[in-house]
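Some structures are shown below for you to check.
The same subunit A turns up in both complexes below, where it pairs with subunit B and then with subunit C.
Let's look at the complex of A and B:
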C-alpha cells in the first residue's frame, strides 16, 4: 500500500513550529477555535472521535471515544475531573511522543485541551518522562504562550470552557508510564500501580474521575475535529484508523520516527523508508511495537502493520516502535538486555514480577555469558508462564514475560546451543558495563 | 449480605469485605501475606489466588483479597488451577528468601514456611545467588529487620499508616532491590512498634526482646488480658517451659483491641519474670519477719480480724471480680471497710488503645460496689483503723513503700498480701500472692468487656491466688462459713 496522506508531522517538520506564531500560521488551534466558537457540544466531540475509530496510541489500542464515555455524567457526579496525559514514554524502542512534544508542542496542547473539553475536565496534567528535558521545556513554553493568548486557563477564547494545563516531570521510572502508577506519582507518592477496580474513570487522580490518554492519541483529536471523522476513518484499515507514528530503530540504515497510515507493511517501512538493514545483513528478528510485545522472525516482515494483522502473527502493535535485529546478533544477548530492563524497572509490589523479572534476567545473563544450565530454557518458559497473563496488578510482569516466551518459542535452538556449548556462538566482545542497582 | 458458594457450601458474605474474609470465615484456608484482616487489602503478594466463577463467564483465578463477593459467586479455593497458581507464586516468593529457618525466630509460626509445606514445590529451581542484604538492621529499640527474609508484603508499612496513623516505614528502591526502610534510617518511634513483628508473615521483623529466646513450639500459650491499663487488651501470654514469660502478644478481639496492643503492655512481662518473690507467708516475730506456715499465719490473722471491729480491706485494682466479690463478702461480715486503690492517670493515654488509667479492673471492682480510693484516701483509711489487710499484686507499689513505712505501727496492724515481702514496721504478716499470669479470673475493661486472665505458669511455692487465700481464711471461720 502506498502512502496516501500525511498530517501528523507536517507542522512538526516546519522550522520554528514550536512557537505559537509559526504554529498558528500552520493551523494550530483551528480545531479548538472551531469547537469553542461554534459551541460544538462535548458529546459531539466524543461522537466524532468514536466514529473516527481512533484507538489509543499508548500500546493497548483501546477505543479513545469509548474510554471518554466511561467518565461519569457530571450532572450525577459533580466531583472535579481530570485529564492525565501520559508522556512518560520510556519503553525501549518507543520515541514518537518526544517528536510531537519537541517539534509541535502547540498541536499537542490543542489536543490536550480538546480531550479535556470532551471529558469536561477542569485540569489536565501532562506527565513527562524525566529524561525528556527539551520536550518538557517546549511544551511548558507553549502552554505559557497559549495562556497569554487565552488559549489555556479561564474561559478559553471567551467561552465558558476553562482548563488549566499543568506539567509534571517524572523521576525516570518506567513504571510511572502505567496509568495508575502515573497517577500515584502525580499525587506525590511512589509510582506503585493501583489494583483495578476501581478504574481511573471512577477513582483516578486524588480519587476523582480521571481519563489517562497518550500524547499521540490526543494529538490526533484536533485533526479529527478539523477534517471530520469520515476523513480520519478513510485512512488505515478496517479496525485501525488514521495515521500512526512509527519509531524504527535497531540495525537499520535510517532509524527514526516516520508517519504512515495503518495498512502499510513492515517490509515497506524497512526497505523503502528506513533504508533496509545495515551492512547488507539479513533480518533475524524484530519487535513490532516496543520491547514488551512478542518477537517476530525476520520472515514475518511481510505483515501489514495494524492491530489485527499483528495479532494473527502472535504479536501486537504496541506503540509501533519497531526494533530490528540483524542476523549477526545473539538472541541470548538481546534478551539479556531486555530482561535486565524489566528487572530494573519492576516496581516490586507483586511477587511474580519483582522476583520473576530478576530471575529471567539472571538466567538470560548466564546463558549469554556461557554459564547456562541444562534446564535453563525450560525454566525460562515456566517462569514466564507463571508471570503472565493477568497474574499481577499491572502489565509490567506481562511485558517481561511476553518477549521471553516468544524468544523461547522462536529461538529455542539457539538458546539451547548457548547452554550446551557453554558459550554464545554469536557473542561479540562486550565492553564492561555496570548494572544499575548493582546487586547482580 | 450476599449469598455465595465457597467450596460447594452456600454461605452469606458481606459484599463490602474482601472475598478472602468470606473464605476464611467459612473454613477455607486461603494463604495470605500482604492481606491482613486489620489492614486495607492491596493485592500485591498475589498468593491468595482462588478460582471464581460468576454467571456464565468462564471460571477465573483471581486474588481473593481484592475481589468483592457478589450474589451467586461460586468460589473454589482448592481447584487444581488455584493450587497451581499459588504454587507458582510461592516459588517466586522463595526465590530470594534465605531459607534460614533453623536460625529464624519465626520458624514454627511462619506463614511462608507453613504455606510452602502445604502447597509449595518439593524443590526450588533457582540456582541464582540470593539477595545479600543486611540481616540485622536495627529499627530502633524494639525491632530488628532482616532484609534478606523480607518478602515485601508491606504490612508493616501499612500498619503505621493506617493504625497509629503515623507513617514511619516505607519500601525504598524498586523491584528486586526493594527494601523496607525508615526515612533517613531514623529509628522507629511510638509505642505501637511491637505490632509489626506480629504482623510480619516471615521472620523479617523480630522483637529485640524475643530474638533467640525460644523456639516457638516450646512455648505454652494461653489466652489472657493485658493488665497495664483499663483497656484490657486481649492477649496471649507465652511461657517457656513453665518458667519465664517470653512474649505477650495481642489476641484478636473486635470489641477491644482488634489485632493490636501497645508496647507498654507487650513488654510488661519483665516484672513477671523477676526473682525474689515471696514463697508462703511470713509473720513478725519480735523485730523480724520470719517464714511461717501459711495456715498458721492465717489462723492468727483470723483471730485478729474476728476480734477487731475497726478494720479495712484495701484492694489492688489488679484483683479480679471473683476475688473482689469474696473479699467484699468477708469484709462485710467482719464489719470492715473495703476499697480499692485508684492511682492517678498516667501520661500514656493516646487515641488508639492506651487509656492512661493503670487499673485493669477498675470497672469490675466498681460494679461490685467497691469504692475507688485515690492513694492519699486509701492511706487515710489505713491509718484510721486498727487492722488493715492490703491485698493484691502491686499494692505496696501503688501505696508507696515510703508512705507505708510512715504508718504508726502501734496504732495500725497491717497484713500484706503481695508478690514481695517488704519489711515495713507496721506490717505484721505477709502472704505471697500469685500475679496475673499465675492465676485465673476475670477483669472488666473500661467499656464493660470481660477479659479472662489465665494461669500460664505456676506461682512461687506457697504463694496463692487471693481467691484461694480468702477461701482458706473463710474455712477457718466456721461461723461465717455457715452464715454464707
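Let's look at the complex of A and C:
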C-alpha cells in the first residue's frame, strides 16, 4: 500500500476532541501559539504555505499561498479585509468538511485564524450550509471556548494580532458555494454570483479585500506551520501535495470519508479501503471528484488520484468525492438526477445556464423515461457545448455541461438505445407514492 | 405584529458582527422561521421593518433559498435527499417509506398536520446514504424499515 502518513483526522478520531481541553491535549493551537509567540511575520506564513504546495480543497485546486499574495499590501491599502471560509459543501458526493467541523472544530478554528493572520484579516466569516446544524453548533461552541482563552478576539495570546471569527448560515442553495455567490449571500442578498473582475482580493465582502478558502484548505495550514513546508511537500505527488479527504459513496461496501496522500490509486481506495463494489458487481462508471467533473469508465480505476493524473484521463480531481456506479445502473437515470440538480440550482442570471440546465434536465428525463426524441443525444451535446467553457458569470454552467459531455462521449450507445427502444433497458421499477398536486 | 422582543435583542447583538445591518438577513430568517414555524408574509414584513427595508426585498431574498418555508407546514418536516449518492442506494424507497409511515404525500402535509415530507438536493452526507433530515437532525444509513421506525417514534 502506498499510504505513508496520516495527520488530518488523527485528532478528529479522538473521543471528545471537539472540546478545547481534549483538543489542546492533542496539539490544537500549537501552530498558532508558535506563530504568535515567535513573532513569525505574516509574509513568512504565506511563503511557507506557498512552498508547501498546498492547493485549495474546494474544487478548483488553486495554489493557496499564491491566492493569499493577491491580497493588497496592507501598508498601501489600509481598508478592512476579510477571510470568508467556504463551508457550504454542496457538491454532490462531497461530505468531508462536515467531518472536520463536527469532529475537530478547534483544529479548524486554528486554521481559520492562521489563514486570517496570513492575509491580515481582522474578521473571518464562516459560511456553513444551513442544513449543517451540528457542524455549525460545534464550530460555534469551539469559537466561544477559544475566545474565553484569548485564542479568538482582541490581541490573541497577548500579540498584536486581533481577529474575530463569526458563524454564518446558508439557506440550502448550492450556488452560494461559488465564492462570489457566497459573498452576496453573506451580505444578506440572493446568492447571485458577481461578474469577475473585480476579483475578491480587491473587491470582496462589502467591497473590501477578501479571500475565500475552503474548510479543508485552511485546516491544513496549522500542520504546515507546525511541521514545515518541506514535510508537507514530501507527501503526495509532483503537483499535488499533502493528504486529502476522500469521500467515497455510491455502490461500495464501505462508503466513508478517508484520508490519503495524493498518489494513491483509485483502485486501492476502492478495494483496500471501501471494501470493493457491493453485491459483487462490476464498476460501470464513476465520478472522481463530485458530480461537476467528467465521468470515467470502470477501466479508469487504475488512475492515480492527483490533479495531473486525472486531467490526463479527461476528468479532474474536483472535491475528491468518488461516486461509484455499478454495472446494473442506467446512465440515463444517473444523468437525469445530475442534470435535475443543476437545473434546480442555476441562479438564472445567464441565459445559457438558465435555459441550458433546464433543457438538459428535460432531455435526460425523457430519455430515462422512454420518451426520448430521435435527435436528443445530439441535442444534449450541442446544448452542453453552448454552455461552456467560460461563457457565463460563474462556473455552474460548466459544471452542468462537463458531466453531460462525458456521459454522451462514454455512454452514447446506451443513451441512443433508450431513445430507439423508447424504453430504458436498465430502468428499475420505482416505488409508488402520492405527490402533492397530483403529478409525479 | 412586530418582531418578538427577544428576537430584536438577539438581532441587535448579531448586527454588531457585520459592517451592514442587512448582513444578518440569513441568520434572522432562520431564527424567525424557528420561532414562528414558517415565514408568513407578516413575518417577512416584521423583519423588513426591523431592517429598514422594503418587504419585497426581504421576500426576494427569502424566496431564493429552499430552506426558507414561505408556506405553512406540518409540525415536523422530513427532508429526504434524492441526489445521486442517495439515489444509488435507494432514496426513492425511503421517500415511499416515509410517505407511507406519515400519511403525507411528497411535497405535502399529512392530514393530521403532523408531518410535511419533501425532497432536497445533496445534503452533504453522501457517504452515509440514504439519509433524511428530520427537524434539523440528520438520520443516515437508512433502510425503509429504519426510516419508518424513526418517523413513527416522533411524538
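Just so it is clear, the second predicted complex is superposed on the first by the 430 of 440 C-alpha atoms of A that agree within 3 Å, B and C clash if a C-alpha of one lies under 4 Å from a C-alpha of the other, contacts with A are read in each partner's own complex, and residues count from 1 in each chain.
The rule is short, and it goes like this: contacts are C-beta pairs under 8 Å (C-beta built on N, C-alpha and C of every residue); 3 or more make two chains touch, one makes a residue touch a chain.
Everything numeric here is computed off the predicted structure, so don't read it as measured data.
Quick one: is A:187 in contact with subunit B, with subunit C, with both, or with neither? Answer first, second, both or neither.
second
State whether A:91 touches subunit B only (first), subunit C only (second), both chains, or neither.
Second partner only, subunit C.
Scan A:257 for contacts with subunit B and subunit C and give back first, second, both or neither.
In the superposition, A:257 contacts subunit C only.
Would you check which partner chain A:359 touches, where first means subunit B only, second means subunit C only, and both and neither mean what they say?
So A:359 only meets subunit B here.
For A:392, is the partner it touches subunit B (first), subunit C (second), both, or none of the two (neither)?
Touch partner of A:392: subunit B, not subunit C.
Per the overlay, which chain contacts more subunit A residues, subunit B or subunit C?
C
Check whether A:173 is in contact with subunit B, with subunit C, with both or with neither, and answer first, second, both or neither.
Touch status of A:173: both partners.
If we overlay the two complexes on their shared chain A, which of subunit B and subunit C does A:345 touch? Say first, second, both or neither.
A:345 sits against subunit B and subunit C alike.
Overlap the subunit B and subunit C contact sets on subunit A and report the shared residues.
Looking at subunit A, the two contact sets intersect at 173, 190, 344-345, 347, 437.
So in the complex, the part of subunit B that touches subunit A is made up of which residues?
Per the touch definition, subunit B meets subunit A at residues 42-47, 66, 85, 88-89, 91-93, 95-96, 125-128, 131-132, 151-152, 154, 170-171, 173-178.
Considering only the defined contacts, which subunit C positions touch subunit A in the complex?
17-20, 22-27, 29-30, 60-61, 64-68, 79, 82-85, 87-89, 92-93, 95-96, 99-100, 105-109, 120-129, 133, 136-138
Write out the stretch or stretches of subunit A touching subunit C in their complex.
80, 89-95, 97-98, 129-134, 164, 166, 168-174, 185-191, 206, 247-251, 255-257, 291, 321, 323, 325, 329, 333-334, 337-338, 341, 344-345, 347, 430-437
Hey, which residues of subunit A end up touching subunit B in the complex?
Residues of subunit A touching subunit B: 173, 175, 190, 195, 343-359, 362-363, 373, 375, 379, 382, 385-387, 391-393, 437, 439.
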